[in-house]
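Lettered A, B, C and D in written order, each chain numbered from 1.
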Amino acid sequence: MTTRLIYFAWVRERIGMPEEDVELPAGIETVADLLRWLRSRGEGYEHALQYPDVIRVAINQEHVDHREKISGAREIALFPPMTGG
Amino acid sequence: MTTRLIYFAWVRERIGMPEEDVELPAGIETVADLLRWLRSRGEGYEHALQYPDVIRVAINQEHVDHREKISGAREIALFPPMTGG
Amino acid sequence: MSAVLVATVRIQRPDFDVAAEIAALTQGRVDIGAVVTFSGLCRDEQGALSALELEHYPGMAEAEIGRIATEAGERWPLQGLTVIHRHGKIAPGENIVLVVAASAHRQAAFEAADFLMDYLKSRAPFWKKEHRTDGSEGGWVEAKETDTQAARRWKRPPSE
Amino acid sequence: MSAVLVATVRIQRPDFDVAAEIAALTQGRVDIGAVVTFSGLCRDEQGALSALELEHYPGMAEAEIGRIATEAGERWPLQGLTVIHRHGKIAPGENIVLVVAASAHRQAAFEAADFLMDYLKSRAPFWKKEHRTDGSEGGWVEAKETDTQAARRWKRPPSE
């Protein structure tokens, strides 16, 4: 299944693109697994995700924590802590 | 010395006038003394001041409690609990 | 410690314009991050009220609200503060009172506006009389014990 | 228990008009006694900022603010609630965000607006980047721990 990954703010800048569609390999079950796998994909990803604890994640436009299962996610967004308001 | 008494809301309505100038007799030292003396001045006063605890008092446009000394007051206002805002 | 707050206090018959009052505090400034406004309106949930008539103590009303505003300026770092209280007859749905508090940060603006309203309710010399749609006088609105209690939230310990 | 609150949520580039948003909630009604507005503005105390650029997550921004507004409507008896958050470049002194909360009573309106702002700050998917007057990028604004703590004030005990 294809999953759309969306990036915002400095996560977007460091990875170097606003979004991409990926095929998740077997064994990527949680958000934490996804972040680990993405870091292995190149320098930009490593720079963006080197401190995974600060990365906020939304699945299908709802906040989730890093233990959340990602099976069936159409859209997963990664971004820094929010600074709106 | 002449003191101006000012009345508001139902205190004004019951006493039947918005203000008056009075000469305070000797022995009227505190707000409580004043309220007691006024009640003796007639039915309207008695009706307005029958529950003196609920009457709020300002001397020279500042809130005071009933133990306050009134010597030197130019203007003493009597009114019900406030309901502004 | 900080610049003295110059508050604007107005007691007036006409309605006020919230946007104009916000603009008066913020125009041309870049040090304000938060503006909180409170508008108090005349309610009539039973449909029996034709108007509230607001009586006030001229002179003391301005002075007392000024004292409350000064205390707010001492307790919170405010860039601006405006209080407008209407008097006379006010129909259901109309504005009665406006507080505008401006600060660098949101918590100061929220707390100062909240404090102002609690103190206004319990200390500003205004009294409301009801006029009914059937032409009768509905009598004077009674002060609420909950308003007195709300004002007590802000009492500082005597040691401070 | 009470009627479901229909909140208005808008994410937009243009500025908003506080008076128009208040009027939209109160016009023709006599059951609203209190309207609290919060306006958040772009500050620049050092004089080095040319603009904040607000990035957001379209779709989720509306959805998340809608969820926060729904929660506010469940926690306080509100007659109306409007939240407008701007995006794009915003110069110092300009508005960024507006919350308008209307209720019969003042405490509900104050608390709901305060809650909305705390939750917006910590949960709404917006990010601010600084642009400097010297033409350089000032980088992304960092989230404040105080904002996270402010949002925690509203956590309800799990037993409720």
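Everything below uses one rule, namely that a contact is a pair of C-beta atoms (placed from the backbone, for glycine too) under 8 Å apart; a residue touches a chain by one contact, two chains touch by 3 or more.
In this text, all values refer to a predicted model and were calculated from it rather than measured experimentally.
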Contacts common to chain A and chain C (chain labels): D
Whole-Å gap separating chain B and chain D, where each centre is the average of the chain's CA atoms: 48
Whole-Å gap separating chain C and chain D, where each centre is the average of the chain's CA atoms: 23
Distance from chain D to chain A - Cα centre to Cα centre, in angstrom: 26
Sequence positions of chain C contacting 2 or more other chains: 40, 117
Junction residues of chain B, two or more chains touched: none
Chains that touch, pairwise: A-D, B-C, C-D
Of chain D, residues touching chain A in the complex: 40, 54-57, 59-60, 63-64, 85, 96-97, 117, 120-129, 140-143, 147
Complex interface listing, chain D residues touching chain C: 17-20, 22, 26, 28-45, 47, 92-93, 104, 106-107, 109-110, 113-114, 117, 150
Chain C-facing residues of chain B, complex: 6, 8-10, 58, 61-63, 77, 79-85
